[in-house]
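Before I ask anything, here is the structure I am working with.
Going in written order, the chains are labelled A, B, C and D, and every chain counts its residues from 1.
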Amino acid sequence: MSSSWGNKLKLSIFGESHGPGIGAVLDGLPAGEHIDMDELLAFTARRAPGKDLTSTPRREQDLPRFLSGILEDTTCGTPVCILIENTDTRSGDYQRTAALARPGHADFTGYFRYQGYGDIRGGGHFSGRLTAPLVAAGGIAKQILSRYGVEVGAHLCAAGEIQDDPFDPVNLKKEELLLPGSRPFPVLSEERGRQMRDEIERARLCCDSLGGVVECAVLGLPPGLGDPMFGGIENRLSSILFGIPAMKGVEFGEGFGSARLRGSQNNDPFYMDGEWVRTRTNRHGGILGGISSGMPILFRCAMKPTPSIGQEQQTVDYIQKKDATLLIKGRHDPCLAVRAVPCVEAASALAILDLLLESGVL
Amino acid sequence: MSSSWGNKLKLSIFGESHGPGIGAVLDGLPAGEHIDMDELLAFTARRAPGKDLTSTPRREQDLPRFLSGILEDTTCGTPVCILIENTDTRSGDYQRTAALARPGHADFTGYFRYQGYGDIRGGGHFSGRLTAPLVAAGGIAKQILSRYGVEVGAHLCAAGEIQDDPFDPVNLKKEELLLPGSRPFPVLSEERGRQMRDEIERARLCCDSLGGVVECAVLGLPPGLGDPMFGGIENRLSSILFGIPAMKGVEFGEGFGSARLRGSQNNDPFYMDGEWVRTRTNRHGGILGGISSGMPILFRCAMKPTPSIGQEQQTVDYIQKKDATLLIKGRHDPCLAVRAVPCVEAASALAILDLLLESGVL
Amino acid sequence: MSSSWGNKLKLSIFGESHGPGIGAVLDGLPAGEHIDMDELLAFTARRAPGKDLTSTPRREQDLPRFLSGILEDTTCGTPVCILIENTDTRSGDYQRTAALARPGHADFTGYFRYQGYGDIRGGGHFSGRLTAPLVAAGGIAKQILSRYGVEVGAHLCAAGEIQDDPFDPVNLKKEELLLPGSRPFPVLSEERGRQMRDEIERARLCCDSLGGVVECAVLGLPPGLGDPMFGGIENRLSSILFGIPAMKGVEFGEGFGSARLRGSQNNDPFYMDGEWVRTRTNRHGGILGGISSGMPILFRCAMKPTPSIGQEQQTVDYIQKKDATLLIKGRHDPCLAVRAVPCVEAASALAILDLLLESGVL
Amino acid sequence: MSSSWGNKLKLSIFGESHGPGIGAVLDGLPAGEHIDMDELLAFTARRAPGKDLTSTPRREQDLPRFLSGILEDTTCGTPVCILIENTDTRSGDYQRTAALARPGHADFTGYFRYQGYGDIRGGGHFSGRLTAPLVAAGGIAKQILSRYGVEVGAHLCAAGEIQDDPFDPVNLKKEELLLPGSRPFPVLSEERGRQMRDEIERARLCCDSLGGVVECAVLGLPPGLGDPMFGGIENRLSSILFGIPAMKGVEFGEGFGSARLRGSQNNDPFYMDGEWVRTRTNRHGGILGGISSGMPILFRCAMKPTPSIGQEQQTVDYIQKKDATLLIKGRHDPCLAVRAVPCVEAASALAILDLLLESGVL
């Protein structure tokens, strides 16, 4: 465990925020899969910061180089090494807070975990920047899945109290699924999107930040995929989703809402749709007993507000062991849930591709 | 993956609800740990059905036999095999529904998963009965953890709309943590417990069932345990928690609530408590960057309502591929979240013990 | 690691020699595979002791019960639990040597490993008896492989200095492969078999024992299976083969012999045999770069002589920490390589089935 | 599996011989370990080619860059990415043989494995060059082990028919263990070394190559480390050793020799050496039941002769499916066992460090 993940696929992520480079090795891909590099870069660009006021103005290039496993834009079947060299790092922004625990960050826990030897500049290995190689790896997985008729898409379904329209749980179409990802701000309802951006901007002007919820769906999975118990689709997805920083909860289908329902309300009646078994509602989120039902896979991810805020905070100097106040000066996303949308898609695509490879479907 | 789980500990669960026996093999335990068998049986009895109207009246004995790895009530260090022989199984209750998909159950998905070869009597390998060996294995883990000062406890924090008092997130004491488990109905507030039982009984009288939420806490973890990314405590816990049937969501600390907050509200200020770094609030649930902060680990699990209800339901015959109606006659828990409480404790104890063993702490 | 093994298949072996039962859980089998129980018992009988003077006269029944995962002699796809209850155990034979390290045994190392808490009666978890569930699990794998045209067979290719004829490395036929397993004494040449039995009997009459070599082959693997580096067929086979007690070496193809050759002697020339690429010789043992070439997979396993001998031996009392002499009185195989033949077949069948399942071929 | 390995340590190797770079990610190292970079480069230089006539005259720099996980020459505890950029690659040497299967190479099997999509230039991912990152990773492990009193060393114990003196199996000292690695030609007996080099030179002048055997030892392991069955030290070592190209066999202690002995000859008598239990001989190679005995760990690795030889060979064009002759023109080691010596040390160091970390010793 730790920074490695997977069963048939093996993903190993490396790097520190202000080190010479970050990246990933992705082992276990099938051979002969064409990778559309423009599409891949467009996908990674969705995670890149600096596009508008809702994200940090840093200009990370986040341009991944592929050092192995891809020849003439086609997978060789051997491990793919993705390298992103660090270009725009201003350690000065961070070093002043070196011994002060930023509330909500892993500085303090990481200090104990690594007995003080971790490279904590810019969050080090815990930095959100480490999702860049995750997104690049997941972008490859997304393209392979899409070729086999499986589509993964997500949207920002809530920012603070403002909610986007939900995905249609029963009749979700590929167009609706992929629509938010094609927009600068990844929502279904542009009106709600405007309200969200206003809310985020209000937080930013208060030197504050905002939490959010990402809803993700997977279309095209045939029934019968997954494993019982610890190999369920929920176990597989959550094992990688909780690797995304700031992820505080994952719920499938009706999720915590189903805990408030009666069985007669929560059960989804089956019916025959021609030759296919379907359910009239989809509170089960496309998963029963850990295994796909053929209905859309649906889940939501709770993202906490960006912990780095521009207000003075009470904290401690964990080296000198005394109370302190902290004013973080760096540049930070006011709502990291926005850029988490492609991260959730990427992680989910990796989990689903791993499942399909393990199941012998691909 | 599938019915096997773990890193340093390896848990392998086997069995079908109506087969000759169910059980588990737990490999990787430390040697020389005394197991109090009375305490272990008392713990497994918390999961056993038939205690009152809130659970199914079947009299499963669920008495685990230990076939290996334990000599004179002390762990040998070798794999422990736990065997529970099936005694009270009435296949007749189920066989009539053999080809009808019970809504909310894994009949249909399991049928596809195993191409019709699964033993689906009584839910087969997907049955809630399979949590019995999980609880027995987890009971061993709980005793070992307790000896090293780590305590795991849970309570039913909601049944339908009725909520129990929450655990004190900041100053949770061992007594409060273990109180619900010592009671016939596992709640903190006995008044709320009475309301919950009334609500469950109302559902039962309507031939219906009720969902619920289990809150779990871990006390005594020092700061600095866990791993970044995919080895975070959240990843570890959710990888086993989603193996409990009917689990639809897991959230840590403030969870989905934190998605509605601003950073200034959600960040937990640090302060020095003598030599110790603590936080004044605990919305982070004791985990930052996947790693323990020294504050109580806190999380909640959403359990859907028991899918087996006594009302007529619309469904399909998935073999003959036609619509059908179904009336389930068996005996079922009206609120499986009640018996899920020790399951959550057991799964969490296994995950935390695995973490401590992997970390070289035990 | 430890007593668990596998990738797509997960095998977990449990039990102590003189405990209530030994067994295994085998997870990850495909569903719908018919198991011929008579054939399976005949296979496990090949490992059972007591058949003639070359093996121990104990009458272990070693009759496996299948507690789960098999319904009407057909795999369900869920974990198979194999249980062998202990019937003929005479602890008295062993307890006298409790604190004396039997040379060549794991008593002393196991004592340290488990800090004195291991159940060492009869060798405990280190006993050769633990190969009984391995053979039962492997017998299932063998039948599944055979259905898909992959055959695994082995023979005793040396006992002490006496050598059997080798398998034909290039034109090995299924009949030759399976012939030794059909005989009471598993060799190709009955004349050499008689000489081996004489040699073993001579050792036994001297209260001594004899080492041996098991040669194993796999037929029917298409080219292109396996993985580079650590996923090579050699890595996969050796990861389970060294789990057989007394295994001291594994070599593939020409093995240690190839270390004495020049490249021009060791390289196997390719040629076209109709549509198929084959090699004129097979010093590579059917594996190049960890991946099958389509030629027979060939390897040899070195088995040390049974360490329990009837002669007085110099040793120590590792509890009282003093020198001692030891006379082992129990009944033991004079040449455990004989009964290791089906163990090697079983372990190899599991490794190859795991590979085929991982590769998506089955 | 495949190009990833490990339990507590996770090693993931990537790259193709003629691609932009090769390397490895090593996750799970303890934090705070100082790495002597000069010593590390000196170790990797032992594997580098071009030092004399016994190895290929190519001038690979093989200079590893450390992109992450090391700060100021000290491990952070986070994943270490090792990158070796390719500098001296002459694809022209290889492309002519693109469709011709080089006997003894993985061209043909790799072609099937990757359905023709692999990057086969220079052997691609199967190239011996991929041992460069293995050696760099293992060099880190060696330094950490050494700090805790565990030393790993190896020598070329045979080249063709010429044998070096063996390590002293009972009284092996650190000086003897590390002596071969300090020499340009890694042997104990300089006289035998001269004979080996002559023999290798004779093979080279015949446009031929030579096989060899590497003997490796581990000193300083306390008794009681390792796991039973599949977690034995033999399983652990062989799982990584067979990842070294051209490895055809691994034997522990007396190995295949013990198969020719009687028990009375092969058993190692125990005796008390002061407070310590030791054995008078060490045919068991320091391992009993998979677990360390406290005596030196000893094993030998059979390396086949370099398959690339300068003689015309019979082969096939596996794309056009016709017989062909092949004359390999590139530059190749006449005896790859020489450069395999540090590879065996590196792989063994990783396996032993992984064991110590898993055991909670480090």
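Please note the rule applied: contacts are C-beta pairs under 8 Å (C-beta built on N, C-alpha and C of every residue); 3 or more make two chains touch, one makes a residue touch a chain.
Source: prediction; values computed, not measured.
K.L.:
If I list every residue number at the interface of chain A and chain B, are over half of them used by both copies, so same, or under half, so different?
P.N.:
Interface between chain A and chain B is built from largely the same residues.
K.L.:
More than half of C-D's contact pairs recur, by residue number, in one of B-C, B-D or A-B. Which one?
P.N.:
A-B
K.L.:
Is the C-beta contact count larger for A-C or for A-D?
P.N.:
A-D
K.L.:
So how far apart, in whole Å, are chain A and chain D when each is placed at the average of its C-alpha atoms?
P.N.:
Averaging C-alpha atoms per chain gives centres 39 Å apart.
K.L.:
Calculate how many whole Å lie between the centre of chain A and the centre of chain B, each centre taken as the average of the chain's C-alpha atoms.
P.N.:
Distance between chain centres: 26 Å.
K.L.:
Between chain A and chain C, what is the separation of their C-alpha centroids in Å?
P.N.:
46
K.L.:
If a residue has to touch 2 or more other chains to count, which residues of chain A qualify?
P.N.:
Touching at least two other chains: 2-4, 13, 78, 113, 115, 125, 228, 358.
K.L.:
Where on chain A does chain B make contact in their complex?
P.N.:
Against chain B, the touching part of chain A is residues 1-5, 7, 13, 101, 103-106, 108-113, 115, 125-126, 130, 158, 160-161, 203, 206, 208-213, 222-232, 234-236, 238-240, 242-243, 245, 247-256, 258-272, 275, 277, 279-280, 284-285, 287-293, 300, 302-309, 311, 313-316, 318, 321-323, 337, 358.
K.L.:
Please give the residue numbers of chain A that touch chain C in the complex, ascending.
P.N.:
Per the touch definition, chain A meets chain C at residues 8, 78, 228, 357-358, 360, 362.
K.L.:
Quick check on the complex: what are the chain A residues that touch chain D?
P.N.:
2-4, 10, 12-16, 19-23, 25, 27-28, 31-32, 65, 67-69, 71, 74-81, 83, 113-119, 124-125
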